[in-house]
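Think of it as A, B, C and D in the order they're written, each chain with its own count starting at 1.
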Amino acid sequence: MVPLNWYLMLSVSLFIVGLIGFLTRRSIIMMFLSVEIMLNAINISLIAMSHYMQDMRGQVLAFFVIACAAAGMAVGLVLLISAYRNKPTVRLEDFDLLKDRAF
Amino acid sequence: MLPQLFFAYFAVMILGLALVVITRRNMVHAVVWMLLMFVHIGGLYLFLNAEFFAVIQVIVYAGAVLVMFLFVVLLLNLREEQGLPIFIRGVQGRVIIGLILLLTLVSAAGQASKGQGGRFSIDYIQRQTHIKVLGSVLFNDYVYPFLIMGFILFVPMVAVVVLAIRRSNGSS
Amino acid sequence: MEFLYNLMIPIIKVAVVFAVTLLHVAYATYFERKVIGRMQCRIGPTEVGPYGLLQPFADMFKSLFKEDIIPAKADKAVFFIAPVIVLAPTMSSLSVIPFAEGFMIADVNVGMLFILACASLSVYGIILAGWSSNSKYAFFGGMRSAAQVISYEIAMGISLASVFLMAGSVRLDEIVKAQYEYTFSMYAPHLLIGFVVFLIAAFAETNRTPFDLPEAETELVAGYLTEYSGFRYALFFLSEYVAMFIMSSIITLCFLGGWTIPRFITDILPFLSYVPGILWFLSKVYFFMFFYYWIRATIPRYRFDQLMAIGWKILIPLSLLNLLIVAFVKRFVID
Amino acid sequence: MTFRDIAYKVFFIEILKGLALTLKVFFTKPVTIKYPHERRPVSPGFRGRHAMVRDPKTGKERCVACMKCAMVCPSQCIYIKYTGQEGESRHLVKYEIEAYRCIYCGYCVEVCPMNAIVLTEHYEYASYKREDNYFDKDRLLQNWDEHVRNIKADKYFNKFWRPLGIDIGRLPANKRDAVVEINDKRSD
């Protein structure tokens, strides 16, 4: 039997990998992919805990996380497409119209 | 011994593939590696007695969300992005912060202990099948969250149509 | 020893199913050419072997020994892996199909959903094949195919949901057993809307005429297959026919009672119940394969906007309506 | 949209009609002719490969190098050379037809006063070399031999080898009946 801690460690490590990807990549699409990785990490820990605690609430929550992730990604990607129509780039640092140049 | 080995395989593959994903320059390649990672996560769910989630993982994440990514990557012409650097400036500092966070969280996760067992034991789920158990919990105890979830899924649908539609006369 | 025995049984099953499927694909092409030939006043292949029966093997050897051409600016790794991504999920979804009572390779609780998951995975192969070829025809074909498959998957899934609702299970063998209790021992008359929706969606899922826009010869050369040749082309071809076989099997299992024969027939002709179930199953499947060819010989290709309109404006509302009706009937009439 | 239209749409009437049609055709006899095994009979007047008629008496061509065929040819694919002065009888040196340029109008056959150049009913002259369809004099005579080989009778008549609709009496003597005597070496 694999202990629960192993699943939690895997989940946490996966979350951190996603976080690093989110913080360091330039492209918005890659940042969205990193967010997906983080949501999957959350799901692993939710389902693992649900399994080990013999309670379905974690899985219900994971179900909602999956639905929200799909909805969020759809909106994010369509925002990206409408932004791309105005400015043909997916690099986050190019969207700096509101940035104060003095700093 | 065998379960541990399987878990180790899946854990190494998931983490390795996640690292591969976030370091790819070509986004189509990243999406393909991500697909492989999602399939592995689905395999991990099978060990957790959640076969419905294993399938949902593949249907929703791999079949819908990632295809959406792939569509967007292919719709946008990203040829000129290829030559530019992958990571932003000052990447090392962020990675170090991430690693510190990793150490903290992993040590915390190592000390976690499970609480009181509930009524959904493994035998019960196997007897009733996972879909039935999940369905009964979802539709009996969590009806209102489920309905709200339906609404949450509906709003982005409208939002996507409104945002993506090109007006025939007007702007552009 | 017992461990070996337990290991051998699935391997033998896999070997049997694999061999039968490959043979089936070989002769499905022959059957298609013969049927469409006769429907167009032709006779189809006759040259290789008696009545052209060895034609599939001739085609196979030809495609195996043809030169494997790779476009110069193709993304080689993705180009190589794309046919495999198409073929592997398609083949693996064969493993949950019960060909007869108790004969399935993998006995999983989520059988039907597994097939849906596999169907959604094989879209990747098509998109990636189109993208990696670095050719405009292939790219358009891949994008069209992906849009089409994703749109019709929704209608297909919802129309299958009504079957799950009636049967109370997503296991294919339990769906078949649940159908046996109903009037005609099949769901097709009860879930007529769902049946028709699924039938149309199945044509679109497998990229067959009248929804064969991804490989529309007259406009896109061969769609996402344009740059493929030789063995890799054969893999795409194989997976298309296996997918047709799987779709026909799903229709048979979910709407036509699988390997069972309707009770009103066995009441009149009791000796028919001694015929093995796999024969009934295969005859139903082959009827649908024939139907695929029949439709191909009859209906011209739809335009892409018509295709999308059928998918989103007709099939999805219809399947939702069907689901609603079935839910009400199940709750207030049957229970 | 009338009720009838809606009913047609809902019950796929048009599609069902089409399906019934294809099913009906499915049970009819196919019209295919399996070409290398069976051949379709050549219709009279078919204009196939060129040939020069071999005179059974001399064993040579009947051409007198009058140049009429080369002049009438719309695609100008007939090349003729001859020797002999004005007033003397001409002697044919070169007679070539480029079959790729030929449009098979049959003017050369109609105009020939000697019935020397004809279009046979042979239609399988695909080959691996382009040169095979550039007919010189020997090749044209050989074509005639190939054409004659399957004819059982002593004489061969093809009414399309002379201009139709012209009074026979006005044609040259050699052209009048368009009958070719086949008395080749087989009988010797």
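Please note the rule applied: a contact is a pair of C-beta atoms (placed from the backbone, for glycine too) under 8 Å apart; a residue touches a chain by one contact, two chains touch by 3 or more.
Just so we're clear, the structure is a prediction, and the values are computed from it rather than from any experiment.
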item: C-D against B-C, pair bridged by the larger set of C-beta contacts; value: B-C
item: Chain centre separation (subunit A, subunit D; CA means) in Å; value: 77
item: Separation of subunit C from subunit D, taking each centre as the mean of its C-alpha atoms, in whole Å; value: 52
item: Cα-centroid distance, subunit B relative to subunit C, in whole angstrom; value: 28
item: Centroid spacing, where centroids are CA-atom means, of subunit A and subunit B in whole angstrom; value: 7
item: Residues of subunit D touching at least two other chains; value: none
item: Numbers and ranges of subunit B residues touching at least 2 other chains; value: 56, 64
item: Set of all touching chain pairs, with the criterion as stated earlier; value: A-B, B-C, C-D
item: Contacting residues of subunit C [partner subunit D, same complex]; value: 35, 37-43, 46, 294-295, 297-299
item: In the complex, subunit A residues that touch subunit B; value: 1-2, 4-21, 23-27, 29-30, 32-34, 36-37, 40, 43-44, 47-57, 59-60, 62-64, 66-75, 77-82, 84-85, 88-91, 93
item: Subunit B residues within the subunit C interface of the complex; value: 26, 28-29, 32, 35, 39, 51-52, 54-56, 58-59, 62-64, 66-67, 70-71, 74, 129-131
item: Contact footprint of subunit A on subunit B as seen in their complex; value: 3-4, 7, 11, 14-15, 18-19, 21-22, 24, 27, 30-31, 34, 37-38, 41, 44-45, 47-50, 53, 56-57, 60-61, 64-65, 68-69, 72-73, 75-78, 81, 84-88, 91, 94-95, 97-99, 101-102, 105-106, 108-122, 133-134, 137-138, 141-142, 145, 149, 152-153, 155-157, 159-160, 163-164, 172
item: Residue numbers on subunit C that touch subunit B, as the complex places them; value: 75, 77-78, 81, 108-110, 113-114, 116-117, 120-121, 123-124, 127-128, 131, 139, 143, 146-147, 150, 153, 169-170
